[in-house]
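Next up: some structures, all given as structure tokens.
After this come two complexes, each holding subunit A, first together with subunit B and then together with subunit C.
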Partner chain A sequence: MSKSSSIKKLKKQENFIGYLFASPWITGLILLGIFPILMSLFISFTNYNMISDPKFIGFENYRILFTNDNLFWQSLGNTVYHVIIAVPLGIVVGLSLAFLLNNKIKGMGIYRTLFYLPNVVSVVAMSLLWLWLYQPNFGLINQLLKPLYDLLKMEPITWYLDPKLSKLTLILMGLWTAGGSMVIYLAQMQDIPVSLYEAAEMDGAGWFKKATLITLPLMTPSIFFNFIMGLIGSFQVFTMAYIMTSGGPSRSTYYYAYYLFDKMMADKAMGMASAMAWILLFIVLIITILALRLNKYVFYLGDET
Partner chain B sequence: MVKSEVYKSKKRRQLIVHIILHIVLVLCSLVFVFPFLWMLFTALKTPAELLRGIQQFFPTVPQWQNFVKAITSIPFFMYLKNSLIVVILVVIGTTFSATTAAYAFARLNWKGRDKWFVIMLATMMLPIQVILIPTYILYSKIGWLGTRLPLIVPAFFGGGAAFYIFLLRQFFKGIPKELSESAIIDGANHWQIFIKIMLPLSKPAIVTVALFTFMGSWNDYFGPLIFLSNPDHWTLALGLRAFQTQYGGQYNLMMAASILIMMPTLILFFLAQRTFIEGIKFTGIKG
Partner chain C sequence: MKKIMIIMLALITMLTISACTNDPTDRITIDFWHMAPIGSEAFTPTKQLINAFNESQDTYFVKGTGFSFWDYWDKIAVAISSRTAPDIGLSTLDDVPARASSGVLYNISELIAADPDGIEIDQLYQNQLDFATYQNNLYALPFTATTRVLYYNLDMFQAAGLTEADVPHTWSELKTVAKKLDVVSNGVIQQLGFDPSYGNATYHGWLWQAGLDFFDAELNPTLNTQKHIDILYWIKDFNSEFTRNQLVAFGDANTMLGINPFASERVAMMVETDGLYEIIKNANADFNFGVSYIPIPDEDGIRVNWGSGFSIEMYDNGKNETDQKQGAWEFLKYLMSYNIQLSLAEANGWIMAHKGAMTKFAEDDPILQRMLEEVAYAKDKVYVPYAPSWHGNDWQSYYTAALSGAKTVEMALQDARNNYLQKRDNYNATR
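And now, the complex of A and B:
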């Protein structure tokens, strides 16, 4: 009797201590997370410029965005274009690099470090560097391509100054940081038991068969992880465009997050900006849910034992 | 005899494959590393040399004074001080709030723990704009706009720490329970266990968290852009942007300034690359 009550007391105490330890984070989550999310939903139904009081206008912000705002659709289109190319391309490049490094070769650690290096640089410094590399007249890239231009008798590509190529220019630059996801892929690759490959070799499987039938299926968890994270990041692409192109030329790199930023900071149209944020949240949420359905094709090693 | 022939040819084939592999890897490394070197060469050139492109591969005479020019043409040391104030406090705050929360998740039984954990994982997927606008309004109401507080205070309350809490929780779970249990028998409370047992044993994980936080905060552009309206509080990332709008065409100075700003993160990365790569692997695979 007294023993069980003292255990109860201990449990109660642990409950309290648990909340105590988690309290800084929980306080932050409520005040700087959950509360703002609900607030932003409310604000999205109002007209609010931070000077006069918010005025409730129902779905008006959403209606204007969807039916009467070309820039909304243009910026969304730009962003979708960016996401559709950048995310798969990032996965392919990251995986290829991991495949290259996943051989028993000398200096693997050094290569891995070098491939990863661009990831520690700030986006601002990286954008300035690539602005110079892409510079149409004296930049390194066009200088290196000059023989090719001469051979094909074509005008040099103007990269970020060409509305048709500006998004691709930013996407290619983004691949410079593919070493980040590569590290994750590589780690998972090296966790695959050697015995699986040996068994396949006994059955006469070559490099290609081993890669497609063993490595790739067992890599699906990290591919899935990088896909989701890449998706969320790419939908919020902003800084590169802000620094390199200011959204131009002809608004070809005016991304969704850029338009949202302008609505918020330049126009102080907080209701409209909140509506845009919620639309973005919905888009990301729906794609994530769809992707999670694909999760049943994700193979977790160890599940099958 | 025949067998050794087969073995030999197999060995030779392997050697050729390795040589090709190394060539491909060196070429890849060039793509990743050469931009850095080109940056340095550019920073050391004269304006006239810039116009000659790759005909002028190296600077004839390294123009080290470009670095001095870059520093003196902006209030560099003020930006540096501002960056350090924000970064150091954010590192302290994040480490504090992430370790305490991780201990609660890893070692304590409290009601709703697992629900809170799921909520934490969900926050990693939120586009920050959803939170940004109301917090911006909130900070303006309480007079924090134009101060550094919006960048610093959230760190002490687990702002942006979900990944780190997750990483530390996994690490804490790996520490044998017997250690803390015997400490309890000796009369220690949870705070003492946390401070004297868990933290010292988790040094590698804590260093990883501190490093990532440092890099993230040092490189952050979006947060300062939104919240630091007062130029006296600008961080280096904002200062670099200001430099660009002012000296946009002078790529040698711009590259010199960029190099100075990426130096701390590059040096830290080289000093702690093992910790770093292990940390990324950890969040990536287990996440």
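And now, the complex of A and C:
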């Protein structure tokens, strides 16, 4: 046996052992990841009520959703509204918190922990808690605002019970978890070389100039990251509306993911629900690709180009 | 350490062996899914009933699996879909025809024909049997029953100078009595006489009493007649002397507190299911109350209430399992027998489908007796394939919009109807 063939054999053996060790992960990826994804693509072209066998109907589910389903557009509109307001607002609040907590004062660790703490609370528990806080009749928020209501002689705000305010109510509630992005901002903020600030100070720059001309530009990678993650997450908004408002009042918080869930669980229309999932994937994909174009405005520290 | 390990290992081996001996391999195993999981109150009595069956014979061995009520529906749906359903299990009565038409259920009529004494059919309510029927054959049996009644608080009646003789039986009486029971302090409702949208009162329930429904016989949506509009106005305007905010705040406070407004003595009269009676009993409530049939329209009113129930079904997984089928049938007969239905009522507090067993169960309980009377007047909601949740998600947003004034009653009904029509067209397009 020549030397090269025995090396080949050894390589094959090594490869085999490598694949053998990786096989649990590969099996999991194929069975629990790729297979359900491909299966849902197939189901999206069928009429499937989860009892009878799926019946292939081509693009009919997609046609119906786009051309003859009012709730599809209403739920998509609600979701886009949520994304447009919640994502920028989340960034502004997260950044503001990071600025506030990037100071060297006593007990800063405690403050940072306190602001991060809501992120370890489950969304369900958080929703129930805020349901109490927002309760128009005896909720804490309206109790605090009572003097203002009396002063302005206005009716108490009914928050999640008002179709015009319900989406904003949920968005405001979502800001409670802005501490999650704050941690990322804070980490990057502390990574900015002090020498840059020192040089700016020598040039006579104040806090505002340092913040806008040094801190913010150098924060763009984390802002960009949170923006993309926020976009993807916001398009899937569901739990808060499910727990707090059941999609109401008047379907004002009936988001896309909620409608998808109802298509599957209430209407038993698994084919239609799968089609909705794929449409959502494409919407998020296109918006993310467009958002990635903003990458050219992101300044990476140490990047010479 | 070594000794401890050996003892542990021996113990595990012994337990494994003893567990194996409880599951005889020489018998045909029948899978039964129920809603009494380990840890629930009903688990032990359910297990005892299964054990009693297993001890009574040497051919079949029933293996019971309990899921919580909330988990059960997803599990059974997935199991039916993947053709791994249990041999026998519970489901909902109103959509039996949907499963029967898909060929996943065994024909119970055929089994009864071959074994006529197996089931006391005359002991089951005809209105329930109708829902378990598909193409003139039974594909399930009613297992439990539910009903809706008017609960009234006698202490509140007394405080308002009313007696049990004043319990309303018509819509106009209901309004007159309800107004006497309202208590308002500083603009805040402290006690409400009645509200037709509270508790388990539904728009379709009120429609039924007037001989109307959401759909016609061909399952086309109606909702567009003047009578439909009038009844929704009647619900909306029942407490029109209060602002919608007052009513919503009162109702929402009840929901937030997580307690039933009747059980917490905030509402004097309310339409609720038989389940509320169990809640009041378990809470050892000390107020006096009674139940009556739900008041009906003054003219041509129909005594009817929305009642449903669990079905018991035998699943055909398409594997030609004749032994399993026969075993499931034997167990089904056992579950539907007088004694077992009585035991299940005692264990779960449910109203069971067997009339004789329930008469015995309620013999010392006048409130339960009245509720059993109403089971005979119960009617289940029709199953609409293109809108299975027509009374729930599909309707609720329009209902709340009409009640809150966000939409006029006419507009809400028109929009709801258009939504059903669109769903019907889309369903037909994908068939």
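Operating definition for what follows: the second predicted complex is superposed on the first by the 282 of 305 C-alpha atoms of A that agree within 3 Å, B and C clash if a C-alpha of one lies under 4 Å from a C-alpha of the other, contacts with A are read in each partner's own complex, and residues count from 1 in each chain.
In this text, a contact is a pair of C-beta atoms (placed from the backbone, for glycine too) under 8 Å apart; a residue touches a chain by one contact, two chains touch by 3 or more.
All values reported here derive from a predicted model rather than from experimental measurement.
Q: Is A:Gln135 contacted by the first partner subunit B, the second partner subunit C, both or neither?
A: Both partners.
Q: Pick one for A:Ala200: touches subunit B only (first), subunit C only (second), both, or neither.
A: neither
Q: Report for A:Ser52: first if it touches subunit B alone, second if subunit C alone, otherwise both or neither.
A: second
Q: Just checking: does A:Gly247 make contact with subunit B only, subunit C only, both, or neither of them? Give me first, second, both or neither.
A: In the superposition, A:Gly247 contacts subunit C only.
Q: Who wins on subunit A residues touched, subunit B or subunit C?
A: Counting residues of subunit A touched by each partner, the higher count goes to B.
Q: Examine A:Leu31 and indicate which partner it touches, taking first as subunit B and second as subunit C; both and neither are also allowed.
A: After superposition on chain A, A:Leu31 lies in contact with subunit B alone.
Q: State whether A:Ile214 touches subunit B only (first), subunit C only (second), both chains, or neither.
A: neither
Q: Using the superposition on chain A described above, determine whether A:Gln236 touches subunit B (first), subunit C (second), both, or neither.
A: Once the two structures are laid over each other on A, A:Gln236 reaches subunit B alone.
Q: Please report the subunit A residues shared by its interface with subunit B and its interface with subunit C.
A: Touching subunit B and subunit C on subunit A: residues 50, 132, 135, 138.
Q: Enumerate the contact residues on subunit B facing subunit A in the complex.
A: That would be residues 18, 21-22, 24-25, 28-29, 31-33, 35-36, 38-39, 42, 50-54, 96-98, 100-101, 103-105, 108-111, 113, 116, 119-120, 123, 125-138, 140, 154, 156-159, 161, 165, 190, 194, 215, 218-222, 226, 237, 240-241, 244, 251, 254-255, 258, 261-262, 265-266, 268-269, 273, 276-277, 280-281, 284-285, 287 of subunit B.
Q: Once bound in the complex, which stretches of subunit A touch subunit B?
A: Checking each residue of subunit A against subunit B gives 11, 14-19, 21-22, 24-29, 31-33, 35-37, 39-40, 43, 50, 97, 100-101, 103, 105, 111-118, 120-125, 128-130, 132-133, 135, 138-140, 143-144, 176, 179-181, 183-184, 187-188, 191, 221-222, 225-226, 228, 232, 235-236, 238-239, 243, 257, 260, 264-265, 270, 273-274, 276-278, 280-281, 284-285, 288.
Q: Could you please specify the touching residues of subunit C with respect to subunit A in the complex?
A: 77-78, 80-81, 98-99, 102-104, 245, 248-249, 252-253, 256, 387-389, 392-394, 396-397, 400-401, 404, 406-407, 419, 422-423, 425-426, 429-431
Q: With touch defined as at the start, can you tell me which subunit A residues reach subunit C in the complex?
A: For subunit A paired with subunit C, touching residues are 47, 49-52, 57, 60-61, 64, 68-71, 131-132, 135-138, 155, 158, 161, 163, 246-251, 254, 262, 266-269, 271-272.
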